[in-house]
């Protein structure tokens, strides 16, 4: 899809005529819709939709689309986001010691599975610096102690600003990001190495082994102040048996973590994820 | 959902304004859309959509909805079907000797997973008659030989007419239905005990064993003249190992067959399946 | 396999020569081994094995096999169980209001997936009595109140004795069985409608919906005093999406519960499950 | 497991006393068995086993183990292989243009998921040479035309000999290897991008799309003269929908291909795969 598109993500109290009103807005301005999906959460009384159309032939200039749509959205009580497909998002990947998710994200980026730029890697360790160098990505080592966290988060935020980052991917960054940080930079996707809400917190594979589960999982979610409790974007699982040691769970889990994180990042970058409450709609 | 709804399934050459035109038709007549999903197959140049709305408050009487929509559909070159949720479809289940799919469909019917009636079972054997009696369903034994097939199909068609059947479910009916029969009664869902197109035809589990596969599957599809080649509605798989004998594959396969067939029948009954060419869109 | 077999399930501190000693015991008495599997948990220092052989041609009479093997097991510090394949286990199924697991177990029994007898159904409700009657199984209605539980458990135990029951299957029996009861009758398999340890306790599907998970699961485990914490025998999962309501989760979950419970019961009945600590080895 | 071990893979006509005889051979020479698994294919009348023991404390010197075991194997009519865990196998990876499997195998090698050396990459294209250089692996470009294949295979065989290669991994090497080549170097694992035996041959994703399947797969197998018909080591699948284009199938398939190939290579390297007829036993 090389022709630029616009995408609206809308959530709105459910009411008659929403599909018609939104579709008419696109159509009356000459837009050709190439993707539209909607979902109604009847329990919550919410209508949620994603609509994507070709900018070629659309009569409104880009900077007027938002204001024009707002005139429709306001009376409906709708919240909305507008994205253009040729605005390339910029990602910072945060890592600690493990390299599998980092490698995988870089490989997918090279394979053009992600339309994004990855100019920045941040780590509390130095171990993965050679990978950053190998692929020509800036690597900032920001070591953490009990005492320097608040200060270092100021530096991290400063880096995100300097690099013009749109999305932080915690790719096995084994540190907790503070509530304050998240409030200032909320676009953060984390990969947790368990099938949440099972095994919240530290050492999920060890605890899965202890509990004797027959299946393990991984969960990609938006980071929130409450640890491992943010809106889930994607999960997947793999079967294990009594023959699997903790090391086997960790090895099998890495394959899960890679693919689950990648799917979540891809859905986010394609503006397919709509958060409401603590839930997500992932439009397909 | 006890409030009756109308559902349109539409396929149409892709063109600007389709979503708006269809949504406006519903909205301008006072309809409240509760489900809408669309898909564009860019390769085929086709727009496919499912739209469901509450009849309560809709201004058009039922018998005028079709004609009124046709006035919109005609100029677009659209093909469409209209269904009402309170028109309960009537199912005939065809079986041979195996009872697992029959049992399962009956259980799901009792559990209200299917909104349908099951007044008729047809079999080329007598073995499952007691189940029919147990659940108060008419059972017609129609034995087949090489010579009587054409004649028996006339009788089968007559039964479908007499019982006012909307859908035939081949629930492990181990006989081929003729091209002629299908042309006269095309609404037929079959369950094939392999992951099509692997192991088309007879004895798929034996051949799967011979081939040494590590996963087996089942496929629910619409019956067509070309054996096991009809549009696929649903598939699923299960892992097997060298420890599994042919008998184990058959046993594990039964669990697949039950659930795959049930999902396909349910999607069909909810008017969520749209066939185009040899493919299906299963709206979710 | 119509030729009767003997099966030993053995757990033992790991040490040199175990496989040879056990195999020699069978071989030197003329036994033909048809299944042997072993597992060493190096962390726990435990050797666990299952060995099954044909009784035809075995030189020891049945009642001497146990004592003879004990002479070998004692010095090794081994715990062991001996089972004969032609001793048909007797199952009591306990239910509340939901019928899907009950129906499924009965169907599998008829289909000879389980070599067992099912002479008894116990329920705290009367709703499923017609199913029991339909299939000729005794149904005992044992209503529970806050005050009568201890007393009713005495009656339940008395029934298990009277019917000579070997295994209790809690097939969606929505009541807690007391620690005292379990200590007196420990052979109990429960199906929990979540992917344990996620959503321990009541209403797991509602809580899964609230949490916005993308996958739900079911878990079959041995009942222990600690609720939903017993050794896990089998788990499985199914994918859900934002389109699924709580009712959809319940419906999809039923398919999981049926198959997960059935697999666990079948493994148990084939003497393939060995419990150690809070873990199981399920020999394949 | 840093203590070196010996592993025997044995296949043998089924007969009384096999487990005992083999276990006694290890035990009587002072060996400590750390893994033993067996399988009897009753249809084929074959007993297949894998047995692994610690070399520390074993009384026989390495070069006498084979001859000593042969004295036992001969009268039983057994075929066997003997492997030592500290003999590091050497892998040649063959690629064409796609890099995902190559990258993945290299990453897993670095992560120590494979105990092996990867000294050689062979390709009929030059595109992936930079990756080889990046990771310090020799890259031989061997272009293929209709006319030079026989000649180039001689060169390829010469390279395998020169590099002392034990295993060839066809990591999306989109060329057919001749029957003659395979007869001279039979240790070849191929990844096929379909769920075999579905979509044998070229363009499986395009044909899967045409057929409208709801699940796609990947298959790792030993290469044989008959294209895509060799013994299957591992398969896995992923769900697709009408929304997935051929490009989406290719993208999703890459994740499958990586993990399926890696699992097969790992099982092979751990001497867990035993081929008999056109089937494999993969000991766990």
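A, B, C and D are the chain letters, set down in written order, and residue numbers restart from 1 in every chain.
In the analysis below, a residue touches a chain if its C-beta (ideal position, glycine included) is under 8 Å from a C-beta of that chain, and two chains touch if they have at least 3 such contacts.
Here the structure is a predicted model, which means the values were calculated and not measured.
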For this session: Using the touch rule from the top, work out which pair, B-C or A-B, shares more C-beta pairs.
Result: A-B
Exercise. Roughly how far is subunit A from subunit B, going centre to centre by Cα mean, in whole Å?
Worked result: 37
Problem set entry | Touching two or more other chains - residue numbers and ranges from subunit C | 42, 241, 243
For this session: For this assembly, give the contact graph shape among line, ring, star, complete and other.
Result: complete
Problem set entry | Parts of subunit D lying in touch with subunit A, wherever the complex brings them together | 99-100, 103, 107, 111, 113, 134, 241, 243, 251, 254-255, 259, 284
Problem set entry | Residue numbers on subunit B that touch subunit D, as the complex places them | 39, 41-43, 195-199, 210-215, 217, 231-237, 241-243, 245, 277-282
Problem set entry | Of all residues in subunit C, those that touch subunit D in their complex | 16-21, 23-24, 26-28, 30-38, 40, 42, 239
